[in-house]
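Here it is: the structure, laid out below.
Chains here go by letter, A, B, C and D, matching the order in which they are written, and residues are numbered from 1 within each.
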Amino acid sequence: MNPVKEKAVIISQKRIAEGIFDMSLRCPGAASLAEPGQFLNLYCRNETRLLPRPISICGIDKEKGNLRLVYRVAGAGTKEFSELKTGDILDLMGPLGHGFTIKDKPAILIGGGIGIPPMLELARAISGRKTCVLGYRDEPFLLEEFAKIAPVAVASEDGMTGVKGTVIDAIREKKVEGGIIYACGPMPMLKAVADYAARQGIEAQISLEERMACGIGACLGCICQTKEKNHHTNVNNSRVCKDGPVFDAKEVVFP
Amino acid sequence: MKLQVEIAGKSFKNPVTTASGTFGSGAEYEAFVDLAALGAVTTKGVANVPWAGNPTPRLAETCSGMLNAVGLQNPGIDLFCKRDIPHLKEKGASIIVNVCGRTIADYVEVVERLSDEPVDLLEINVSCPNVKAGGIAFGQNPDALFEITKEIKKKARQPVVMKLSPNVTDITEMARAAEAAGSDALSLINTITGMKIDIHRRRLLLANGTGGLSGPAIHPVAVRMVYQVHKACSLPIIGMGGISTGEDAIEMMMAGASMVAVGTANFHNPGATMDVLEGIKSYMEAYNIVDIHEIIGCI
Amino acid sequence: MKLQVEIAGKSFKNPVTTASGTFGSGAEYEAFVDLAALGAVTTKGVANVPWAGNPTPRLAETCSGMLNAVGLQNPGIDLFCKRDIPHLKEKGASIIVNVCGRTIADYVEVVERLSDEPVDLLEINVSCPNVKAGGIAFGQNPDALFEITKEIKKKARQPVVMKLSPNVTDITEMARAAEAAGSDALSLINTITGMKIDIHRRRLLLANGTGGLSGPAIHPVAVRMVYQVHKACSLPIIGMGGISTGEDAIEMMMAGASMVAVGTANFHNPGATMDVLEGIKSYMEAYNIVDIHEIIGCI
Amino acid sequence: MNPVKEKAVIISQKRIAEGIFDMSLRCPGAASLAEPGQFLNLYCRNETRLLPRPISICGIDKEKGNLRLVYRVAGAGTKEFSELKTGDILDLMGPLGHGFTIKDKPAILIGGGIGIPPMLELARAISGRKTCVLGYRDEPFLLEEFAKIAPVAVASEDGMTGVKGTVIDAIREKKVEGGIIYACGPMPMLKAVADYAARQGIEAQISLEERMACGIGACLGCICQTKEKNHHTNVNNSRVCKDGPVFDAKEVVFP
């Protein structure tokens, strides 16, 4: 499916935790095509910033034509987005990339930090048995929404919420079980998840992050190394924006 | 309104092409651009064998610009000929193939491999700053540039466009070396070497250390070099560097470019090539210009 | 928090100075900046005799940058010594004098004239792209740079800071030539040669044709060159090029600059120097850095 | 007097002719110091545009702390200003430069095109006898306001308003007389005015325009050539932003 370029209208935006914003957009074109695990490219208004910002889709409402994004203010671009008000226009392109492939197996959904938001729409989309494992540094967010959909195990670095430690600690302590893992989060977490899945002998689909320019597979800026030769690039590199962001953990060579 | 231009005897329906490396092999942009409506598609640099390129991060943003250190990742000439050329032809696009290599033999191999392909021009990238071995030296030394141009010209069946690096003291010296060696046209500018430091993590942001600066930030440097080269030699020029509007393109053409390439602007606006083309037409209408040649090198 | 830095044995209360030519002789900015609060004031290039500079237009705006072709207009060393140095001293400023000339003899004359003046450093501009005779050649040819540096060093009573041009193939070659000839420090980068065309009037926008590109657009190029020079030689560096925030300054210092100069940013924000200084302090606080030397060249 | 840097609030803005805008600003600092013939530096919001835009002061209300600017949309910067709405903030610096020096002589005030606005505040400030001569390309603006203050002779290129021709044609045809000229407008007009004044043997103060960066005399970007050596620059160049924009016509070497 071809992505669309669209002028989205901000429906609502609120701060849901320290530096974390929750934004709903009216963008019927992108919404009609969106799937869990895909992302949008958001364009900055400030013209000194040329590159679009990739943000994962956290919620899809195809009927209303709305998409929901939850993001962290990481720098100047996301800061700019966080200042948009209801009714403002935001240029975007999407949906982009290859999302999660839902398999009919008991699922473990693992989100770490700002990798948590995309797991929410995935959790909704999975109709079978599922458990969510969410890892926070400190202040939790989106927790209640997850809890409405599935059992949740929580880990936090500071130990204030749930298990003190990593998502793997939470899985072990809470004895979370399943036949497939879907995960998004920081690289060290994904590496730990991949190792865990390998040891358990189950599939893990992991969503990667890389700096991007085109977002559509043209510039080769955003690759990850892969064990096998990628059919498109003809080398052991896949494009995170196009072949991913979701990859089978077994394919990925961690840096 | 006549938009058709010629480069080394090849004619293109309009003067707008894509800057190599920013437009893949065209297919990725088909959702936004009719490839047949472009003057030509210039493809990502291709070598004799597949290259994996540099580690990531390969990209960084700068003020009105960006740095890239992709390192010429490419699928190799075989897959390129089998997959990308037929696809572009099927879509009705004119094709400029950007060629890279580590040694003269690498380049010559690619050029020979393209002999019977339906390719309009060969753009030779001797200026990519991201390749440590070979590449850069050719683009920064007039003797080396002369040498490689001469060898490529011996074998090339299509016109040869040497693509110059801006990272030199005197761009006209390079242009004259390429001209003397028989280059049929010139293309400039490639990226300017830059660097960004992640001050929070205290390390170079790009895995490669340095990267090539592109985008509107470099436009005035590109215009200057195109102007200087246009005055210094008589080869037709494909001008590029920070073009994102029709006005930027007109400026580049007035400086002496017969054709312009749109690069980094595609990332900000996937329809940038078409917007540039429309902008050129609007300018021509506003000033009653019937043939684009009236503005090429008119300064 | 220790902000004090040293360049060639001279100590400055903090690492922020002004880029020559963007801050006049300081007096013009007194409504916005306490000159004594700066590490130093670097003054506009001064020659042995008054220069009228280029015709107008001398300025053009570009994307996140600007072009200037002022052509080193200056009141000559006599008036400068009589009026500007005493004024700066009265205000409590440390002084770096930027020196220009057409011939080696011109430079040496200025340097000698400054022998007994209360000047901290002599910054030698061999890189202004706007002067047709003399100037530019020194900055683009290592032998010429060696020669002029040596002659200046023979006569200079204050430490000599050769200011390098970015318009060269290899900046480290220039840096090493200056070092070999005895330069006490280096300053970089001067402006990158660019051009703008007025497409509505179909003419070069600047009367001089080309101009020097400065501002945030060139920051990544400046960082790269400072980094390369810092690795290639052991002289202290005054880094400049597109610095407009404390973060830009930190980046430049991590690349290897002991001191930074704020130029074009003053035009957008007359208090830019102080904002940069405050930004440096905030960064140091946030990362618990007690001495600015912890970050100089830390990459 | 030192200029101030100030965040001005837009009080009102309206389009008064094709591409000409009339803007009032609350900027008490700059307003308290302003004099006829001085200008402001307006900063763009779009960060790709670094240089401030110099715009002459068209009206001064010291009591309210307001300044009025009338400007033509010439490019991207002025376009940006024209889109500002009441209540928006505009960064500025001013007042800048050396304005008109009012002499006690019957005055001829000459404005051409977008050089007309600064003559309005000057006309108000001159209490003695005065005649205004305004030259338009086509559509006139500010005409009624001038007419309330002083007798007005009008010239237009298209001849639709007043005398067909230049301001000099209007002066001749309408037999405008005076002991001093104050003028602002395009260079060819100022040159004609200077010649006219010389022939009449009267003083002419003319306001020049040049591309600027600092606006405060530091960068030497904005010079005009002068017959005498300038005491500050020590060469035959004066700084339009600091020594001007108003000069005695006799001093200026026209390009």
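Assume a residue touches a chain if its C-beta (ideal position, glycine included) is under 8 Å from a C-beta of that chain, and two chains touch if they have at least 3 such contacts.
Please read all numbers here as calculations on a predicted model, not as lab measurements.
J.: Counting one step per pair of touching chains, how far is chain D from chain A at the shortest?
T.: Steps on the shortest route: 1.
J.: By mean C-alpha coordinates, which chain is most distant from chain D?
T.: Centre of mass proxy via C-alpha means gives A as farthest from chain D.
J.: Counting in whole Å, what is the centre-to-centre distance of chain A and chain B, each centre being its mean C-alpha position?
T.: Here the centre of chain B sits 35 Å away from the centre of chain A.
J.: Let me have the rounded angstrom distance from the C-alpha centre of chain B over to the C-alpha centre of chain C, please.
T.: Chain B and chain C have C-alpha centres separated by 34 Å.
J.: Approximately how many whole Å separate the CA-defined centres of chain A and chain C?
T.: A distance of 46 Å separates the two centres.
J.: Would you please write down the residue numbers of chain D that are in contact with two or more other chains?
T.: Residues 47-48 of chain D each touch two or more of the other chains.
J.: Can you pull out the residues of chain B that are in contact with at least two other chains?
T.: Within chain B, residues 63-65, 216 contact more than one other chain.
J.: Can you check the complex and tell me which residues of chain D touch chain C?
T.: 2-5, 43, 47-52, 93, 210-224, 232-237, 242, 255
J.: Contact residues on chain C for chain B in the complex?
T.: By the definition above, chain C touches chain B via 62-65, 67, 140, 167-170, 192-197, 199, 202-204, 210, 213, 216-221, 223-224, 227, 242, 247, 250-251, 254-255, 283, 295, 298-299.
J.: Which of the residues in chain D come into contact with chain A in the complex?
T.: It comes out as residues 46-48.
J.: For chain C, which residues are in contact with chain D within the complex?
T.: Contact set of chain C toward chain D: 21-24, 28-32, 44, 50-53, 55-61, 63-66, 68, 70, 73, 75-76, 79, 215-216, 264, 266-268, 270-271.
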